[in-house]
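The following pair of complexes shares a single chain, subunit A, combined with subunit B in the former and subunit C in the latter.
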Partner chain A sequence: MLTTPPEVEIALAESAPSAGFWRESWRRFCRRRLALVALAFVVALMAIAAAAPFIAGTKPIICKYKGHIYFPALGYYNRAWENPIFAKDRFRGRYAGTLAEKDPDSWAIFPLVYQDPYRRVRAGEWPDQPENPFGKEGVPSRYNWFGTNPQGFDVFASMVHGAQTAVSVGFVSMGIAAAIGITLGALAGYFGGWIDVLISRVIEVVMCIPSLVLILALVAMLDKVSNVHLMVIVGCTGWTGIARLTRAEFMKLKQLEFVSAARAMGAGASRVMFIHILRNALAPVLVPITFGIADAILIESGLSFLGFGASPPNPSWGTLLSAGRRSIEETWWLIVFPGAAIFLTVLAYNLIGEGLQEATDPRLRQDAH
Partner chain B sequence: MTSYLIRRLGIGVITLLLITFLVYGLVRNIPGTPFTSDMAQMNPSKMMSPEAVEKLNRLYGLDKPWYQAYFYWMSNVVRGDFGVSYSRNNKPVGTLILERMPATLLLSSTSLVLAYLLSVPIGLWSSARADSVSERSVSTLLYMLYSLPAFVAALYLQLLFYVKLDWLPLYGMTSDDYATLSTSGKAWDLLKHATLPVICFTYGSLAFYSRFIRANMQEVLRQDYIRTARAKGVAPRTIIWKHAFRNTLIPFVTLVGLSLPGLFSGAVILEQIFSWPGMGRLYFESIGQRDYNVIMGLTLMFSMLTLAGQLLADILYAVVDPRVTYN
Partner chain C sequence: MSTAVIDVNDLKTYFHTEEGVVRAVDGVSFRIEPGRTLGIVGESGSGKSVTSLSIMRLLASSAQIESGRIALLRRDLVRLPEPEMRSIRGKEISMIFQEPMTSLNPVFTVGDQVMEAILLHQKVTKAEARQRTIELFKEVGIPNPEQRVDSYPHQMSGGQKQRVMIAMALSCNPKLLIADEPTTALDVTIQAQILDILRKLRDERGMAILFITHDLGVIAEIADDVLVMYRGEEVEYGPVLEIFANPKHPYTKGLLACRPRLDTPYRLLPTVDDFMTVRVVEGRLEITEKQLDAMRLNELKTHGRGRLLHPLSELAAMGHAVAPIAPGSARGSATMPSTVDPTQRNPPAEPGATKDVQYIPEGTKPLLSVENLEVHFPVRRGLLARTVDHIRAVDGISFKVYRGQTLGLVGESGCGKTTAGRATLRLVEPTGGRVWLDGVDVASLGSADLRQMRRRMQIIFQDPYGSLNPRMTVEAAVTEPMVIQGIGAGRQDRRDRAAALLEEVGLQTVHLRRYPHEFSGGQRQRICIARAIAVEPEFLICDESVSALDVSVQAQVLNLLKRLQETRGLTYIFISHDLSVVKFMADMMAVMNAGKIIEFGPSEAIYRDPREEYTRKLISATPNDDLDHIRQVVAQRERTWVSRK
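Up next, the complex of A and B:
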């Protein structure tokens, strides 16, 4: 290693403004190669989830039909975004042949993989592509990369669209949990007294109810479960760890001088809590949130696996797994690929969480000097 | 200490009341009752007439609003009566849970013992060989195991050992011809059936415990008294075992208390996958059948164990660490 003369080092330190907390943490985070790989994986997963209809689908990304440009693939995000003209002209979701048939001058750009998570692709829909096999014939092939499910739906397409479920459930439910947990924890830690006693008791009660008991009971109460329901339920049961940590951080920070200074300058309670203290308490709170995202994905896929997840037709990795379990002797591909996806995603979030912990917690710094 | 215990127990009772009240309200508000949900779905002709349902509801006190019914249930529980299971020929809930308990205990206690027995050597080995290539690969493997969801692991193991190799049975606790087997045959049969569930129960906590031990050991090994011991020439083995490990026991012991509730719960998904006739499966079935008394009995038991585990952890903490006192 190169040694810099001491005077040069001092000069450098004086000239550059010292790195802020977040930049310093990011630098430390970057030193952990595994955490960086995990972060790249999660970013890639989010990109796949966001662009799912452009990766696998049977609706054109963009097409020209009767003199107008349309984007039928948007229909995968929301039914209403698919232009009604295609329903009026009786396309019935089959664009590949129908477009040319109804308008010879039309053109279209299709997704990378011509497969659909919601239906079986039939023979003759796409040039040189045979009908999707079903049942135990649906082994992975060059047309169905990850095989097909018992009804002949493509597993790769289901998994790409299922990434939307995994990513959104993880983020939204932890967003809800963080909002509840940070607010309650902040109130308990900042005010103390009977508010603290009350909130701590609530936290303890929610912690003591086995989470699966609570979640199964809540899901069973609903008639038709949607992903939004799942997010809310997972969020409303997963906030206790965040609340406890926020409470402890607030109790510690509220005694520091900068809080007294802010108060002396006339800042109100909510300003002190959410602008002054929370900024300083955010780093340790981010760690349980990251682990919580992994947990939320685990709970969602577990519920779908048990048949308590979102009602069909909803592509979820857990739903694929449960179909694989029903015919475990024949359809290994329904278990291996979705299982690996769940595992890798949970692993990635755990690695990021640990990287964050080491980067932001000064006690864990290995190179403390 | 006594006043601390009394205060904790008092708080625990209030917490239990709140939990059971909440869960009772929840399960009573699940659509359908034990007498309408299941049979109607299976066979419409078997559907009971509204009058019959009405009569049964009155008989079991289900015609009252749930907050009133809760107090009936609670006062019965205090007198030791947990009610009967509606969907299992009015079998008392206590008997039903006791019947299912051994199956769950067989899995969870085996896996708990295995996890502790294996995690201590692994944790100590990895802290002694810190940063060597073999230690890093073992630690990475353990970290991956820690992140591997149990239901995914269960399915992968079933694929490998049942579908591919055909060594182990797919599910259940015993074979069909179990009754005709000799004693050693019965034990072998049970062992074969329990292998996969026990592995799935064990690996997660094994990974967690050994990482926990390693983290604590690293903390302790940095202390001055370890350097002193090294300087005066104590053998490395003695340093690890006597000087360092004994001092990591304090946080480790509290883990024992916190893993107590896991002995009984935490098995819902795995028991479902392996069709293991334990309490987790009972719970799952009872939710589907709206069997309120069974759900409540199990919830009460799980919550009591969680609270008892936390209390035990705190008490053990004071027992093993003389610096900790509760006054």
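Up next, the complex of A and C:
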């Protein structure tokens, strides 16, 4: 027997850390400036959405009242998180004056901007801040950065809180769509045969239904529409593209030898599907998901604009737009600011989608096999 | 000497990439006279294709001809403006490519595509062009050319399509034909026909051919002169006989020695690394020659496993001579580099060396026994997709493999060898027949038992790029079968096992955390081997496992497989289209054609004394590079050369 081990053709540099697919893709993504800016925008938007009650609101972020510490601003996320003691003591949402009035020892830290998306701020609530104007008078000013709506609600506060709607509608609805689409697409692509025929027909049927009409029909059937309903509806109609792409990716990838190799090791169908194939199919599927988020935001805004969106009071960008529609010549600020926000957000998601596509497209990568 | 058709002088083509400058072609010079063939031989990444693309000026935008001269009939192509270059392409120089499948546009008839080439460069009417196309088809040996001009590419076989490509290339009477691996994707018998056509056309038309290939056998068959390239550099250039009989550069010597030839005397193959060491010094290659001493050569011939044949009674039943067969005594003389002492060819067996041929004792049970295995794929037609017929991919094959043996399955593309291998493992469900592994019928196992069984039999695939999941690190890939089969206690233990496996196949522990794309083809195939042996199988199917590798790497992987077989007592089914590789590896050989085994026996015996016409055809079509043959070819070329003058 020969004792010499076989030589390795190319000695690899041992120091350099190994770059996996996602790290390599990230490097490529970073090379696209516009996509990177868009990503920064979306991240900022998410931060704003998450921290909306701390940016604009009339409820204290933290306060001490009758010897206890409370966080009334959490009530913006969920009514139930606002301590019932404030309802019992008849605050009626007005903390600024009432706190000191009921308990002289109390203190509070308020959000950056004292404005409320759900009501009109009156005179005397906050030192030196006049009553919010309404109607044509609500032009942008020191106190109302983006103006007020016809009822005198602050537009800036509504938009900050509306970002929550935009972000969550996009993510939750596409999360639902991705879950349905990837699962069905994977099943159809991997198993083929009658499963594929069945799922493909379902996809075609869903695609044939005009989604806006379906959404309007479903909305009409509901008594009180909430954002959750919208997300579910958008999610349940928007998965067809994802499913078709996943199916195609699975059909392509299951032919490759690493799939045969996994089966030869004794791997079961779920392991092959989710560990081997899905990992490789995920990058191309991310692209329609990103575009889908942009679509979902547009649909939600559109529905709110048409008055079919979540029931008021609902600080959606689309609702603001719809308020500006009636008096477009005078209340330009009701069109410009929410419109710009919708436009920029949708643009950003599209840019990210495009960047992702470029960064993960196998045709642009020499090593991807 | 007549004037050269093409005269390339110190050509340098560099690629400018983000990682820096890649010297794809670095100082290559050659000339070809009319009616002569220059063969450029080299492995992947040697720059042979970039050389031809430089001549055509069809380089990618990141590549640039840095310096040098390319003279086509004294016109310098390097500095020629693009419009003039366009008139030269296809007219003065034409090119045929490796993939006839993708070189033709599927939506046009083949006739239209050849006619287009004619109409582009010549002032003729459509009817004349069509007539010319038919003549060309006749010339390249396409039967029924009048009908075939109206065929679409998918209606033709690979060999036919390559003939169409040749017809297209010849349509304007080029002075120089560049053939870039034109036969690599074809079966050997088709390859032999295409080489015949190219030779005939060259002699009739007095055309110069630049023939690019990785296959030294093909070079020996067609070239007058040979240029050997290695990593962009020209390492040796000379007449074909000179290169084969008396190679000077260590790389050429290594390349010649590392091929498993049909009459190889070796049990383990020498590798290029036996002949030289390469170091990169300041971006330049520095090659130091190593002397391959007689000791090492002798080791290669006598160490390693000999043949392990079926029990004598079974061989007798097959009607094969049972006299011990000495390797290397087959027909033809071996061509060895000058460093090899010819007297060492058949040394007497030394003490300690294994015997050449051993037989399985009578009455041993085979490890694997395949009976009447059938795989039929239904052909569905019509609205209801009714099954109208079956494609009999594997049509009732039977064979036995004993523990420790290697069975070779050889045949051309579409003969069913791969399907047979996969059906044995039940990666494809067999339509009929039985597969017994150690007394268990694999074909009837339920999924849980099948998973158990997979631990005992594994497979190594052809494509080292496709058979590893690109999103998994080497560690994940090698440990996965252990996870599935429940081998090893915990993560750390499996990692240690994976590290040991990597070292066993000639890689290092540090490679565990890397991703497949960072490895070369040969290294990936080693990873695949490590993954396959991770579950400690008894039985391994190698499905064209070395076909995608360069010859020098192929030799290393073949040696590794042989070594593992010895140390781990593995049993192999070795599937390949390459007769010489199968013969090198296999004890018993099965020749397959159209889903059936047409000949079965000890591989030496089949090679020496093929009984079937088909086997004989396969053997004679395998490119022959023994010196006598080359001498004959060269002598005959000289005669025609003189008579032409």
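Rule of thumb we're sticking to: the second predicted complex is superposed on the first by the 346 of 369 C-alpha atoms of A that agree within 3 Å, B and C clash if a C-alpha of one lies under 4 Å from a C-alpha of the other, contacts with A are read in each partner's own complex, and residues count from 1 in each chain.
Just so it is clear, a contact is a pair of C-beta atoms (placed from the backbone, for glycine too) under 8 Å apart; a residue touches a chain by one contact, two chains touch by 3 or more.
Not measured: the values here are computed from a predicted model.
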item	value
Touching partner for A:R201 - first (subunit B), second (subunit C), both, neither	first
Which superposed partner A:L218 touches (first subunit B, second subunit C, both, neither)	first
Touched partner set for A:W107, first subunit B, second subunit C, both or neither	neither
Partner chain(s) touched by A:H276 [first = subunit B, second = subunit C, both, neither]	second
First (subunit B), second (subunit C), both or neither touched by A:G20	second
Contact residues common to both interfaces of subunit A (with subunit B and with subunit C)	none
Sites on subunit C touched by subunit A in the complex	268, 271, 273, 299-300, 303-304, 422, 425, 427, 447, 450-452, 454-455, 458-459, 461-463, 465-473, 480-481, 484-485, 505-508, 510-511, 513-515, 517-520, 522-523, 528, 531, 535, 553, 556, 559-560, 563, 566-567
Complex contact set, residues of subunit B against subunit A	11, 14-15, 18-19, 22-23, 26-27, 29-31, 143-144, 146-149, 151-152, 155-156, 158-159, 162-163, 170, 261, 265-266, 268-269, 272-273, 283-284, 287, 295, 298-299, 302-303, 306-307
Residues of subunit A defined as touching subunit B within the complex	201, 204-205, 207-210, 212-214, 216-218, 220-221, 223, 294, 298, 301-302, 305-306, 321, 324-325, 328-329, 332, 335-336, 339, 342-343, 346-347, 350-351
Residues of subunit A that touch subunit C when the two form their complex	1-2, 5-10, 12, 14, 18-21, 256-258, 260-268, 271, 276, 279-280, 367-369
